[in-house]
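Got some structures for you, see below.
Both complexes shown next keep subunit A, but they swap its partner, so subunit B is in the first and subunit C is in the second.
Presenting the complex of A and B:
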């Protein structure tokens, strides 16, 4: 009996898993689940081979080709980064963001929490300083060895070059004089041939010199891998030291609590001195105290001025794309539904769709930036911005006009797919279902909400899915152009930065953007499946 | 004879023809139905029987002629003429219960929540779906879906029930079950019913009178036959009745004749629709049946 129960329970779990897989369109997991339950193992293994192993293999092939090709293409920003360099850049990005997070945390810690952390950090700092020193020495060492080996190589060549230069100079003169005397005895044709031969000899000698110079330059420019690794090590050590020292700084005196305590102490001192001061000084001191009170308020409300990190920028980008997507959907769905309901309305809207749909985000963004700027001349005091800053959850994003312009650009570029799909969905409601509404003599509202909208929801959601995809693509370009804090800005900063790993960081962004886009698409697929019904058009 | 409950007179349907005169699909169709009667409309496919039914339902515009139900001329569709379509036409995003409730809410706007609930449950019970009320159409078989369609139509308490080949897409066993379901419900509800079918067996078993239509275009009433089996029919009794086969044969004969006529001479414009309407008694007399 209990055995039976257990079997039905596991069966239920299996059905639940399969349903979830079906809902999320993660079809490749289905054979895995079935294999776990021992259902036709050979069939499942074949399926896993096709739907799991083959894609992984294809991806590995891609990585292999990339790794093989990348070092052969030299650019101004260095070699095209290989997969391993990109993954290193990814760790660098992560480390940086973790450090910023810990600094932010440290800023708000209380005295009791700070002291043990500070001791720990100071010990680490000491250790890091010694390693940094060692790294400096290693770099000096490696560079010394490198210059020595290069010197050995170059010395010989430059010696050769020197001798060649002096012999060439002498020989040219003697040859030239000999030729001049010889020419008097020869016919004109013969003399031309002699001069041509002399010229050829000269150019051969200069070519030889040039190639020797090139060799020298190449040897000098050669980057020694040992030096390179030593330099990388040195940079990372220096970064760690810098981080730890600023972390210690925040834990000790730049902490919020310490700052407040320092101001309080100053105020107290001033108040005490006021008691003994004469009337003239009293005014000055009271004024000072008031200024200090103001500063105290500011410090109290302050938070750590965090440098922008990629995770933060990703969150901001996602918020921005959803803001734009929301605005776009709110505009597109009602208009699309009206288009589907009335062919007159459709006729009125069609020219707008045809005209504005192909317009690129690069055109919308500057226009919208100016328009938004016109509405919000001074973001610090504008009511909308103030309201957005004070709002819960989104307040931390510190939404600014550039953010709004980016979101509106996303809306302008992405709403067309939803609009067209909504119109199509409403216009293609099953005639039989409309007949049901006619027989029941349903009113307009009932017909809209009970029949037309439920029937067209799958198509509307299919359109929204396309819109979100388009919006995400558009957003990165918009942020790059608008300098709105986000992934696009990260790319732009890296492009302008020119550090040794900034090229690799851009590659990291490619994968981050792709991955976030994939997640957004999955979310929309789930929504679309939830509103789909048996036999609906858009059940993809 | 008292006033007919449903009176269809001179019903005409024309479709515009870009190449010339409009195509007349139904030509002056006349039919009088008494209250509570079950009328079958039978004919070859494409003869316009469904067009007549949809015109009565109001889903199809009437070119000329009139449909009077309970002394009032109809205009447009309405819940007083409930339709069961050939495909179940359930809304796939609603449960069976909500599909029925949609109509009930519309027809009983003043009823309380509880009363409506009871009504829906009652009719779902009548069609034998008390256990499947919370299922979605996609989870039900075709027969079950059509049962919901029937419950939805009857729950409207219509003056006229219009069945448009309601069993056309079902297998013959399910079809028989549903025929019994409808007859059972009608025996208590006494709703005047018009059913389009192309199955002579079904027509003879279910109907009080069968209206045979000539082949289209220009279809009209060819012959009307009364079926003498009375109320509360039991399938076994009807099948074993000797008259059953005679009636069936006469139906098939008529349909055959129509088909042949169409092949030999296409219907001409000079046809008088009233001429060919045979008296039911005459047809039955030929079969040796007294009504």
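Presenting the complex of A and C:
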């Protein structure tokens, strides 16, 4: 009896797991679950091989090819980064963001918490300073060795070039003079031939010089990996020193508590001296105290002016894409439904869809930036922006006109798929269902909400899924153009930085964008499955 | 003998007491209207005063909490200052003047602080450089004589013209110092860089060399892509060309006009009106930043520049590699990999009364705007002076300096207290023409190319 019970319980769990897998379209996990329950092990293993092992193998192959090929493609910005360099860049990005977080945290800590941290940080700083010094020396050494070896390589060539230049100059002069005297005795055709030969000789000599110069330039441009690693080491050491010293500074004096304490002390001192002051000074001091109270309030509300970090930018981008997606959906669904209901309306809307659908985000963005700027001439004092800044949760995002313009660009580019699908969904509602509605004499509203919308939801959601995907792609470009804080701006800043690790950081973004896009798509798939009857929508 | 000894001791004592407050000085915080500020900058080493004032705590000494945000180009930066998205920004000297008189976007922008002198260079592509070397053999060495005049570029320009093309060069903004410097350099050797007019806002009328706008950090990539054959830009984008071997800097703006004003710190007039105390506090912090950047030891070596270069190389600031930024920031300039020259004054942030907002600087930019036709009609000399006075705010600067003097951060001789706002007339241009800010029309008439009145 209990055995039976247990079996049905495990069966139920299995059924539940399979349902979740089906809902989230993570089909590759299905054979794993079935295997655990011992269902046809051979079949399941084969399936695991196909749906789990093969993709992993393919990805490994891709990484392998990438790692092998990358160092061979040289660009002016350095070699194409290998997977290991990219993962290093990822660590650098994370370190930067962690450091900013810890500084932000330190700004708000109480004295009891700060003191031990400060001791620890000061000890670290001392250590970091010595390693930084060693790194500086290593760089100097590496650079010296590099210059010496390059000098050895170039010395011979530049000597050759020098002698060639001087002999060429002399010889050219003598040849030219000889030619000039000789030409007097020759016929015109012959003279032309002689001059042509002379010119040929001259260009051959300059070509020779050019190739020597190119050799020199090539040697000098060679990047020495030893210098490169030494420099990278030096940078990471120096950055640590910089971080630790500003961290110590925040812990010791530039934090909220210390600032408040300083102001309080000043107020107290003024209050004390006020007792002895004469009337004239009293006014001054009372005024000063009021100013200090004012300042105290400001410090109380202040926070650490944090530099933007990638995690923050990712969150802002996701918020932006959802904002745009919501605006787009709110516009697209009603219009799409109307299109599906009335072919006359559809005829009226079709030219707009056809005309605006292909317009690129690059065109919408500057237009929308100007339009939004027209509505919000002074963001600092505009009610909408103020309201958005004070709102809970989204207040953190510091929504500004650039954010709004990016969101609207996402909306403009992504709403078409939802609109077209909504129209299609509504238009293809089963005749039988509509006939039943007629028989039941349902009013327009009841028909719309009981029959038409529910049966067209799967298609509407399919459209929304496409829209969100398009929106995510568009957003990165929009942020890049609008300099709206987000992933797009991160890429653009890296491109502009042109530092030796910028290239690798951009590669990191490829994976971040891809991963976030994948998650967004999965979320939409789940919604789509929840509203569809058959639950059989393609997962990819 | 005794008296001289006494005098010496007196001087030493005086200087000792005078120096003492320098180390124990503390800022007196003002009654700020606004304490959380957002400033914009472009990824160039001359944004240093802003970044240093933040990172070395000069802003926070004034009770300011400042965010410094990179902007993608000068146009967006200006628009953000006008719209109030930014409280202030690192700007081209020509920008507030142009905005105030309505070239491009019209808005009243003012400045009370000049960020730096010099700091730009003109770079040409490798192929143009080798053709310049072919035409002028004296350039064909590893250390050619400087300054190189645009005369050596003439044969290349002609070659392009013969093929029915025009040499293309990049600059960063229509009213940028770079545009005027590039034009000055070309025109001083008789190469026509083109005129602006009401109908030609691209400035290409009768040009022999065509100039176009590219944002500074994009310059090396644009040169490499072959869209332009040369550019005039600030650092580190010339050193970047050297280190990646895509081009050769031929002349710095120090040689075109010795100690020319480069960037200013600009805010909108409305902002300055609303936040006078905050403005003062910002200028105070910036003056200290400039002083820190130009601090030298007894041998005259710049002591803080290496640290500054390290701070600037952070990816949220300029972001280029440390050793590229360091190249020009520490008093040297690489013209080629083999040609490193000492240029202690390539970047000036404090000396020569650099930070003072000079009317004569404003007038010079106005003369250039007129010379190249951006100002479409002739104006009287009084207009030049009035316009400069609208934009430059030495009153704010002086008040800030007074406060710093009282607090003991600067000394009496750091600030030109009793100037009328005009620098002494100078001939230190590449073509040796005398510039006197009091006589803009006389100056205009001395040039051969461009409007003469």
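Throughout what follows, the second predicted complex is superposed on the first by the 427 of 540 C-alpha atoms of A that agree within 3 Å, B and C clash if a C-alpha of one lies under 4 Å from a C-alpha of the other, contacts with A are read in each partner's own complex, and residues count from 1 in each chain.
Just so it is clear, a residue touches a chain if its C-beta (ideal position, glycine included) is under 8 Å from a C-beta of that chain, and two chains touch if they have at least 3 such contacts.
Keep in mind it's a predicted model, so treat the numbers as computed, not measured.
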First (subunit B), second (subunit C), both or neither touched by A:4: neither
First (subunit B), second (subunit C), both or neither touched by A:440: first
Which superposed partner A:278 touches (first subunit B, second subunit C, both, neither): neither
Superposed model, subunit A: greater residue contact from subunit B or subunit C: C
Touching partner for A:249 - first (subunit B), second (subunit C), both, neither: second
Touched partner set for A:390, first subunit B, second subunit C, both or neither: neither
Subunit B/subunit C common contact set on subunit A: none
Subunit C residues within the subunit A interface of the complex: 29, 31-32, 35-36, 43, 54-55, 57, 60, 63, 65-67, 69-72, 76, 79, 83-85, 130, 134, 140, 142, 215, 217-218, 220, 224, 240, 244-246, 310-311, 313-316, 318-323, 337-338
Subunit B-facing residues of subunit A, complex: 432-433, 435-436, 438-442, 446, 450-451, 454-455, 457, 533-536
Touch list for subunit B against partner subunit A, complex: 57-59, 76-79, 81-83, 85, 87, 89, 91-94, 102-103, 106, 136-138, 156
Residue ranges of subunit A touching subunit C (in the complex, touch as defined): 76-77, 96, 158, 165, 206, 210, 213, 217, 220-221, 231, 234-235, 238-239, 242, 246, 249, 254, 291, 294-295, 298-299, 302-305, 307-308, 373, 376-381, 400-402, 481, 483, 492-500, 502, 505
